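Down below is the structure, laid out as C-alpha cells.
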Amino acid sequence: MLRVGSRHSPRPPKTGAVHGRPHGPDAQLHAQALAAGLDTEALLDRVAEILDELECETEIVRIVDHHIPFGVESDLGDGDEWPKILAKILAADILIIGTSIWFGVRSSVCQMVIERLDGTYNDTNEVGQYPLYNTVGGVVVTGNEDGAHDAAGTTLFNLGHLGCPVPPNADCYWVGDSGPGPSFIEADGWNRSAYTRKTASWMAHNVVHLARILRERPIPPEGNTVPGWQPIKVDGPS
Amino acid sequence: MLRVGSRHSPRPPKTGAVHGRPHGPDAQLHAQALAAGLDTEALLDRVAEILDELECETEIVRIVDHHIPFGVESDLGDGDEWPKILAKILAADILIIGTSIWFGVRSSVCQMVIERLDGTYNDTNEVGQYPLYNTVGGVVVTGNEDGAHDAAGTTLFNLGHLGCPVPPNADCYWVGDSGPGPSFIEADGWNRSAYTRKTASWMAHNVVHLARILRERPIPPEGNTVPGWQPIKVDGPS
Amino acid sequence: MLRVGSRHSPRPPKTGAVHGRPHGPDAQLHAQALAAGLDTEALLDRVAEILDELECETEIVRIVDHHIPFGVESDLGDGDEWPKILAKILAADILIIGTSIWFGVRSSVCQMVIERLDGTYNDTNEVGQYPLYNTVGGVVVTGNEDGAHDAAGTTLFNLGHLGCPVPPNADCYWVGDSGPGPSFIEADGWNRSAYTRKTASWMAHNVVHLARILRERPIPPEGNTVPGWQPIKVDGPS
Amino acid sequence: MLRVGSRHSPRPPKTGAVHGRPHGPDAQLHAQALAAGLDTEALLDRVAEILDELECETEIVRIVDHHIPFGVESDLGDGDEWPKILAKILAADILIIGTSIWFGVRSSVCQMVIERLDGTYNDTNEVGQYPLYNTVGGVVVTGNEDGAHDAAGTTLFNLGHLGCPVPPNADCYWVGDSGPGPSFIEADGWNRSAYTRKTASWMAHNVVHLARILRERPIPPEGNTVPGWQPIKVDGPS
C-alpha cells in the first residue's frame, strides 16, 4: 500500500534537530552507501575499498533487504525501516547512491529511496539548513545496456536539491555494449573496464576531499536556511 | 523483498500465446489505464469520460491498491497481483499509463510498473511479436512543479520498446507553477487549465483513432518477430 | 545570430496548406532522413539499404552541410536553407532523425533541427492538423559511450508532439563500452553489433508498415485539429 | 559548417597550463555567466545583483552575439570567438550557465556551449586536473512550459564531469503553467514567483560560499589528475 505525502503544505520544520554527525576535523570520515541491486552493490564494494584506503569507513545498506514502503515522509509507521536507514545517512559525511538501470533510467528501488529522502525537507539541521547540507553526494550506476548518464545525472541533481554538495566527477558507472547483455558481475566489469576503475577512484577521492574540506569549512547558514526556521532558544537567564 | 530478473539470457519465448484480445473490427474498444497516484487517477477519470464518448470503454486500475513486488518477470509468485493486471493490459486495445512526478521524473510506482512490463519480453503474441504489439500507448502525468516532459517522454518511449504504437499527441499533463504547490486535485487543475483539457481530448481521440486503424490493419509480423519464435504446429495429419 | 520566436502567441495557422505528399496507396513510399554527424549518417546509410529493400526510397540530408540558423520559425530569411529541407520533410511519408550523443544527450545540431520544426506549429495540413500528422517518425543514434535511450526517447517524444505517429521499436542505436571510445565508424559498429543490426531492421520494417497503413487509413481530423483552423472556402456560387 | 572533433583519441594534455585565476583568498570573486537567450539573461541579471551584494562580480556573455561554430575543440579557427569566452570562464571562480527550454530540454545554444567545453578535456590546470576543477558551477533555466529539472540536472551533471564542484541548490528556474504561455519577461516572472526569487538567492549564496571555501582549500590533485599528465620541470640545477 502506498502512502503518498504532500509536499506543498509542509509542516513547519523541526528546529535545531541534531543529527549527531561528528564535526571534529580529526574524526573518522564515514560514507553511507545505498545499494539498489546486486550488481550495484558489487561496484559499491570496490568503491568502499578505495574509500577505506583513504581512511573513510563505508557502510553499504542493501535497500531491498528492508521493509521500505513507498511515500515521501520520513516515517510511515507500520514497521517502516526507513527511519533507521535515514539516521545512518544523516550521521554520515558522504552519501553514495547506487542504482541499476531499467528502461534507460534509474531503477524503481532507487527512485523510491529518493522519494523517501523528500521527507528531509520537513526537517533542518542544527543551523536551519536542510538536513543533508554538507553531506557530500556521489552516485554509482550499473546496467546492462545504456542509461548511465541519465541515472547518474538525475540522482546527483536530486541530491543537490536535498542539500548535498557534489564534487567533480562524483559518478562512476558500468554498462555493457549496445542492447541487453551480461550484467556487471557476469561480465567481470570491474576488471574489464579501465574507465569504470578510473572513475571509481576519482569519485572516491573527490567525495573524500570535499568531505574533509567541508568538515573544516562547512557551507555557512547564510542565505540558505529554510524559511521560518528559528534557532532553539536556550533555557536559562539571558 | 526485491527479485531482480535478468534480461540478458531470456527464456525462449512461449510460442503462439493467445491473449484473447478481440480483433474483430466491430468489437467494443477497450482501454486499460494504470494510475500511480490519486491526482493522476483524477486526470485519468476525465480522459476516460472522453474515451467513453468515443465508444471506448476504460478501466482504471489503482496500482497501489494491489500487492506488486519489484521485479522484471511477469509472475513473481507469493501473492503477486501483477499477473491479473497484466492480463487486463494484454486484453486491451489501448494502454494508458498515469504517473505523478517526484524529483523531476516519473514516480517509483510507475517505474515499478514499467519494470514489471519487462516480463512481456519473454513472451510473444500469436504471430511472434512482443505481446504489446498493436496495443496503442498513451500517458498522463500530474505533478506539482515540473518534469512532465521527462516523465511522459520516457514512458512513451518505453511503451514503444515494449511494442506499443504511439499516435501523435499521446500525452496529457498538468503541473503547477515553478516550485512546489498544490496538486492537480487541490488546484482544480482540470477546470483551470485549458491546455490540459485540450491535450486530454487530443490524446483520447488519437489513441482511439489509431486503435481502430490497427484493428483493421494491424502491424504485420514481418521483420519484427522475436528471434527464435516459431508458430505452434497444429496436431494432426500433415 | 539567434532569432528566438515565441510560441505562446502563434500566428493563426495558414489554412489548407497542401504539402504535396502523394497520398495514393500505390505511390512510392519516401523516407526523409536528417543526419547530424558522420557516424549517424553511416548508420542511416544502412537503414536506407533496408528501406530500399522494402520499396521505400530514402533521402539523407546532412544538416551540417547547410546554412541553418538557430530559431523556431520555419523561414528565418538571410539565406536560411531550412525551408527547402522542411519542404522535403513535409513531402515524405517517414521522417527519421539521426543524432550523435554529446554529454549524454542528443547533439546541439539535432536539437537545433527539432527547434526549427517548432515552426510547423504555425501551419496545418490540408485538414487542419499539424503538418507532420501522419508522417511516421523514427530515430537513429550513435555515440561513443552512453545516452542513446535519452537521445532517442526525447526525439521520438518531440516528433509525437509535432504530429508524427511512432510505431513500436522505432529507434536504433549504437554506443560503445562505458567511457569514451572509438566511434561507430571506427569500431565497425554495424558488423560488430548484432543488436544494432536487429533494431535497425525492426525500425525500418515498422516505419514502413505504419506508413503503408496510414496511407490507406490516415489519422482522421477529428478531435485533433488546431484550434481556430478553418477549411478554405472554395470560391464560387454557394 | 560543423567540425566534429573526436574525444576518444585525445591529444596528450598540455602540461602545467596556467589560467591566471587569482587564487588569493582576499581577491575579488568573479562569476562568469553565459546566457543562451533573452529571458535567461533577464534572470541572470537578477542573480548577478545578488552576487554583487555578496561581493562577487558577475559578467554575463550573450552567446548568440558571438560567432561560435559547432564542435568539440577549444579553438576551431576561422573567426571562432569561443577561445576568448573560454578564457573568461577559466579565469572565473564561478561558472553559471543560463539556458532556455525547447521541447522539454535545454536549448541548442546551451548544448552547443557544453559541447565546446568538451575541448577543455584536452587541457589541464597547473596541477594536472581538468581545467574547470575548483570552478564552482551553477545553472539558471527559463521556459514557458516544462522541462526545468531536466535542463538544470543535465547541465549541472555535465559541469561536474568537466570539473566543477556543485553546491547544494545550485539551480534556479522559472517556467509557466502547463502548456505554452508567456515567457519569463512577458509574465514578469521574477516579481510573480516567490519560488524563483528564493532559489535564485539560495543559488547565489551557495556558489559564493563554495567558491570562498575552495579558494582557501581547493580540491587537491590527489587521485583526480588526468592520466599521463606530468608537472613541468623547472629548468636549472637539480
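Note that the chains take the letters A, B, C and D in the order they are written out, and that residue 1 is the start of every chain.
Just so we're on the same page, a contact is a pair of C-beta atoms (placed from the backbone, for glycine too) under 8 Å apart; a residue touches a chain by one contact, two chains touch by 3 or more.
Note that this is a predicted model, so its numbers are computed, not measured.
Counting the residue numbers that touch the partner chain, chain B and chain C have more than half of them in common. When each chain is reduced to the average of its Cα atoms, C sits farthest from chain A. A separation of 32 Å divides the Cα centre of chain C from that of chain D. Chain B and chain C have Cα centroids separated by 25 Å. Chain B and chain D have Cα centroids lying 40 Å from one another.
Shown for chain A are the residues that touch two or more other chains, namely 103-105, 149, 153-154, 157-158, 161, 180, 198. Listed in rising order, the residues of chain A touching chain C in the complex are 103-105, 146-150, 153, 173-180, 189, 193-196, 198-199.
The touching residues of chain B, when paired with chain A in their complex, are 1-2, 4, 6-8, 37-38, 63-65, 70, 72, 100, 102-109, 111-112, 114-115, 118, 144, 154, 157-158, 161, 180-183, 186. Residues 54, 129-130, 132-133, 149, 152-154, 156-158, 160-171, 198, 201-202, 204-206, 209-210, 213-214, 216-217, 219-220, 222-224, 227 of chain B are the ones that touch chain C when the two sit in their complex.
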